[in-house]
C-alpha cells in the first residue's frame, strides 16, 4: 500500500530520515531471529565495535538502544548527571530547544544561553560562563553539534579548547544526530564524553536505533549519577556485555544487519571520503542558494552546515508553500521551517547515501518551485553554480577508477 | 551476510520474536519517508485506530512507541503512578520478575506476591490483599497476563471480578506482551486501564514498537501522576494527536507500514480465528509433551498458555542441551529456561504467524533432540498425539474453502 | 554483493532496463509458489486480461512468455508466417537491424528497406512497395515502432493508412519494445496484428517477460503458419488457456505479481497520463540538447522519440567517453551508440517509472560530463531549458492535489 | 496482494518450483541495472564459471538462457542436431513424454522406447538398440536423469558405460532439471555432451534461467547442426563471450545476483553435502511412505529418486483429493499425479533449500490428509519412521559445530 503515490522516486531531501541504500534494504529483508542464538552475539559484537570508528573513538563504550534521538538524549543525560545538576547549554534552533526542554523536564538546573536562530555558539560566552564557574557547579556542557533547524554547525574543537583552557571538569555531551558520519567528528581527539546519533540520519538506516558512545569519564560518572533511569540505564547493557549476550531486551535483528551493511558501505567508501562528499554537497547547495539571490539562514560561513541548508525566503513568501508545492508537483520532500523560523525558511537536507546528480535534481526542483510560487529565480542558475563547483571537486568513484 | 547459516528455513519456536509473514516483509521493504508529509498521518491514523481492535477496546487511547516491551512497561507505570505509590503485583517467572525489578527501580512501593514458578495468580491472595487495603493505598494492580518464562496464563477476568468485588479503585495494568493478539484479551470488558504489547510477538513484526493502550481512567491518572517521564510521556503524543501529525519524534515508517500489513492479515483471518488457532497450537503441544512422558511446567490446566509451553526435563538432563542441540543439528530455535528454571525447562513458543505443519515439524524436531541427548522418547509419539487433535480441530483455510 | 558500488542511487538513464518502482520490488519479494495451485490462475487471468489495456486492445489474445524481446520477436514471426514468406521491413537502427537479422535466419524472404540511421520510415516508399506487390506476396509488414538506437518513432497510424489505402492484406507486426506503455499506441485502432514488448521497458519490471498480443487475424494465420516453433508456439498457451491453468511451462510467479503491481500503478496514474508524462520528458530532453548546441540523431521532429534521445556529439569527441565518464564519476548510466553510430551518439533513455527531477538530475550530469571531456557546454543551460518547459507543463500529482 | 492466503508459511513440497532461501531473495531485491556497465561482466563471468562446478565439469561451456527448462531442452537439441537426425530416447513419465513431444515437433526422427511409468531405463534395451545401430544413425541418446512425474532416477553412469561398451559415437544429452545440484551428477566423468537444468529446481531460485552446459564435442556438433534456431542459438552467446560482454540480449540482473547468492550458499554447505542431504530426504520420505502402508510409484530401489517421491494411493482414493485437501486445510503444496498417473499418485517434492524439520512437518501433514480423506493411516507412523532415520543420519550443521 502506498499513500499519495507519485511517479518516479521520491526525492527525499529532508534532513532525515534519509535515503536507505539498496544494500541496507536488502540486508534488512529477513525474518526475525532468536536473539539468544549464537549468531546474534557475533553480529552484535561486530557492530558495537565498528560503530566506534564512525565516532572516531577507540576508548569509548558504545550503546545501541532501541529508541530514537530523543531517547538517546535522555540516555546521555540520565546516565551521567544527577537531578539539580547544573548544565550549561545553548538554544539556537528547534532541536537544541527540544533538548533544553528535555533537560528541564528531567529536573536539571539548566543554564540556557539563547543564541539567535541562524547563529552558532559564541565561544567567548562559553569561556565567560566557565571562567565564572569557579566552584565547578556546571557538571556538563551540552552542545548540539549541528542544529538541524537552522543549518548551523558548532565548532566542537573550539569548545573543547575553551573547556580545557578554563581547566573546567564539566562533562562534554554532544548531540551528533545530524552530524556524525557526515561532518568532521572526532570523539577522542575532542574529548567528548557522550556523543550520540540516530540510525535514520547519516548512517542511512530506518529509524529505530539510538546510538550512544560514552567516554571512560562518562562511564565513571554514571556510577554516581543519581538520575532515575531504567529503560535507558547503561548498566543493564554493561551487564549483558560482560555475559557476551549484549542485549538487556530484544534488539531488532533487522536493524542490526542493516547497520552492519551500512557500516560496510561507509568503510568501503572511506569515512573521510564520506565526510568530504558531504562537504561538497554543502558547498554546492550554498552556491545554488546564492545564485538564486536567497539568504542562507546560517549567519556566518564558519557555522555553515554540510548536512542541511536552511534557506530564507523573502518576507512576502511563505516557506511552507515551497515545501508543499515541492511535494505536490515534483515528488520532492524538503524540510519545513520549524518554530521561530516557520514560514520563513525551508530546508534542503543533503546527507546520507546520496550523490551529486540526486542533489542537482533536487536543486532544479527547488528552482521550479520558487518560480511556481512567484519568486523570480532564473531557472538553471542554481544548478549551474552548483554543478560548476561539483564538476571540479567530484572525484571518480573509487570502485570504478 | 549470514552468521552460522544452515540449510532450509530456521524453525523459529522461541516465544518471540516470531516469524514475520512475507506480506509484512514486503510492506517493510521500502525507503525512508518524510514523516511530516501528508502521507504519514493517513497511515498513522489508520494504525492507531485499528490497533485498538486487537486490544478489544473502543474507549482507550493507543500509543505506538519506538521502544520494546521493557519501554512499554515503563510507559505504563510512569504515566499513571507517582513515586512511592503502592503497587500490588505477582512474581511468577522471569518476565514478571523483571517488571517487578523495574517497578522497584522506578521507586514505587511494590508489594510483591511471590508465586511458585509454574503457578498462576491465586485469586484468594489477591482478594485478601485488596480487602485488607481499606485505605486504598494500593494504586495499581500489575499483572503479566501470560508469563512467558513458565507458560502460565493468568485469569484476567477473574482478577477484574475480585477487584470489583472488593470495590477497590486501583488501576489495573496488564502486560499483554505474549498474549495480546493470540490469547483471549478484552481490554474494555475487563476494565483494564493500561495494556501493552510489543511488535515482535503475536503481531509478527520485527522488534521496535511498544504498543500501549490507556483507558480514560488511566489518561485521567496521567494528569496527576508525578513519576518523571520524558521520552515515555503520553502528553507529548497527545499534543501531536491534536495537531494531526501524530509523532513527537521520528517514527519508523517501515514498521508502521508493516503494522498496517500485519493488521490487515489478522482482520482477514479474523481476530477470533487467530485466537482459536493459538488455542489449537497450545492444546496440540501439550498433548505432545504428555505423549513424551514429560511434565508441563504449568501446574494447573487453568493456567495453560496457548502461546508458549515450558517443558520440564528430567533431573539428569540439562534443558540447555536441548536448546543447543536443536539449533546445532536441526536449525530449530527453542526457548531456554530462564533464571530459576534454567537448565530445568525448555520452551516451545507457538505464537504469531504460524501453521499446523510448522508446529508439527518443530515437535518432530524436539522428539529427535530429546532422543539425541538421551531421553528415551518414542519418536513420532508427540507428533501422533498432536496431529490426532489437530486433524479434528483444524478448519479449512477461509480463503480456500 | 555489489560490483563497483558508488554513493547514492544509480541514475539509470539507459533506454531499458529501467527503474523498478518500489511497489514492484515489494510485490516480487516473495518465495516461489506452486504454479498449479488455485491461487495462480486468479493472478494469471488478471494480468493476461489487464495487459491488453496497455496495448489498447480488446480483441487481441495476450501471451506472457518467459523470454526477452528477442524471443517475443521470434514468437511473433514464427506463429504467423511460413518459411520463404515475404516480409517487408525497414532497417533504421540497431534494433530493426537485429530483427531483420532474425527474420533472415528464420528463413523468411526479407525485403529490407534501408533507411538512414536517424530517419524514420518513408511512407511513400512503403506505398510504392505495397502497390507494386500486386500478387500480395508480401505476407507481413514488420515495423519497429520506436527504434531505440536512434530515437526514432515511426508513424504507425500512417503506416496503417498506407496499407489500407493499398488494400493490402499483409499482416502488420509491430515491435513496441521501447514504446508500448510510454508512447501513443493503439493496437485495435491501428489494426496491428501482432504487437510485443518486454517487461524491462516502460512497464518498469525486471527482464524476463516477453509480452505479445495477437489479433484475431494473427491467430487465424497461426493455424496455417508453417514456421517451426515449439517453445514459442502460441498453441501450447491456447491449450492451457482453455483448461484455465494458463501455463504450458513454469511461469515466474514473482514476475507475475510484479506485473500485477506495475499494472496497478499505471492504471492508478492513468495510461494516458503516463503517455503524456513521457511526452514531457522527450520534449524537455530535446530542449536541453538544443541548449547544449548538440544535434539530435533523429532527423525530423515528426520522428522524435519520447522514450529515448540519441545525442550526436561533435566529430572530435568519442561518445563512448561520455558514457564511461558518466558512469565512473557521476553514477549515471547512459546508452552507448551502437553499430553505425558507435562513438557518434550517446543515448538518454527517459522511460518508465521516472519523474521530472530524476530527469533534470541526469541532464545536469550530462552537462558536467560533456564539459569534463572537453565539449564547451554552458553548465545549467540544458537544465534551464528543460525546466522552463517542465515547470509549465507538469501537472500536480493526482493523488496529492 | 496475496491470492487465497493462509496462516503461516506455505509448505512448498511440489518438486519445483522450490523454496527460495532468504539469502537469495535478498540478493534479488534490487533495481534494474544497465547490463552494458562494467559491473555486469564481473558478475556474469563469475556465475558462468561457477555454475560449472554444480554440473561437475571443467571442460564444458555454460549458457544461462532467459527461458525455462522447456527452452533449455530446445537449446540442447537444436544446437547439436539436424532435422531428421535420429534420436534414441525413453518415455517413462510426463516430463520425458513432453521432451519426446518436443523432439517430434522439432522434426527429429525419434526412436522412443516406452517404459512403464514407475520404471527406469532398462540398460539392456539401450544396449540392444545401440548395438543394432551399426551404421551409427542414432545421433543422440536423450535421457531424463530424474523423471519428476514418477520419481525415477536413471543410471547415467550405467548408460555411459553401455554407450562406451558399444563404441557408439552418439551424443549423450541429459535433462537434469530435477537432479542437478541435488543428485549425484558428473558431467565430465560420465561424458555427458549436453546437460541442462532450470533455476527454480535444486538451485532454489525463481523461474527464469535455463542453464545448459555443452561439452567440447557438443560445441563441435553445433558447428554443423542444421536445426533452425535463433533465440536459442549458442553462437550468439559465444560471440558475446569473446567480446567479454556475455549477453546477446538483456539478462535479468536480479536473477544473476540471485544465482550468485545461490551458488555461494551451495559452496558454503559443500556440493557433496547438499547431495548427501537430498539422499537423506529421499530415504526418510520412502520410510514414511512404507510406514503408511502405501506403495512408491518407483518400482525398484535402484531407481529411487532423492528429489521427489511419487506415492501411489489405493484404487478407491483419488490422489487429486490428497493434493487439494493438503492445500485447503494445511497450506501444504504437494504435486499432482500427471497424465497416466493422474488420480493415482501424489508427489512429495523434497529438493532445494530445505531441512529435516520442514520435511517432517510436511510428512505429518500428509498423514493427516490421508486420514482426512479416509485412508486408515496411523498418525505419527510416517514421521516416526522418517525421524528415526534422520536422527541417526543428520550431521551437525557445519557452521554451528
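For clarity, chains are labelled A, B, C and D in written order, and residue numbers in each chain start from 1.
Following the convention adopted for this analysis, contacts are C-beta pairs under 8 Å (C-beta built on N, C-alpha and C of every residue); 3 or more make two chains touch, one makes a residue touch a chain.
These numbers were taken from a predicted model, which means no experiment stands behind them.
A comparison of the B-D and B-C interfaces places the larger number of contacting C-beta pairs at B-D.
Averaging Cα atoms per chain gives one point for each, and the point farthest from that of subunit C is the centre of B.
Chain geometry summary: the mean Cα position of subunit A and that of subunit B are 35 Å apart. Here the CA centre of subunit B is 44 Å from the CA centre of subunit D. Separating the CA-averaged centres of subunit B and subunit C is a span of 53 Å. In subunit B, the residues that touch at least two other chains are 2, 4, 9, 19, 25, 27, 29-31, 38, 327, 400.
By the touch rule above, subunit A contacts subunit B in their complex via residues 1-4, 9-10, 12, 14, 16-20, 25, 27-40, 42-43, 66-71, 74, 102, 105-107, 198, 200, 206-208, 228, 230-233, 248-255, 257, 260-261, 327, 333, 336. Across the complex, subunit C is touched by residues 2, 4-9, 11, 19, 23, 29, 265, 268-269, 274, 277, 327-332, 353-362, 364-365, 367-368, 371-372, 378-381, 383-385, 387-388, 390-391, 394-397, 399-401 of subunit A.
Only residues 22, 25-27, 29-31, 38, 400 of subunit B touch subunit C when the two sit together in their complex.
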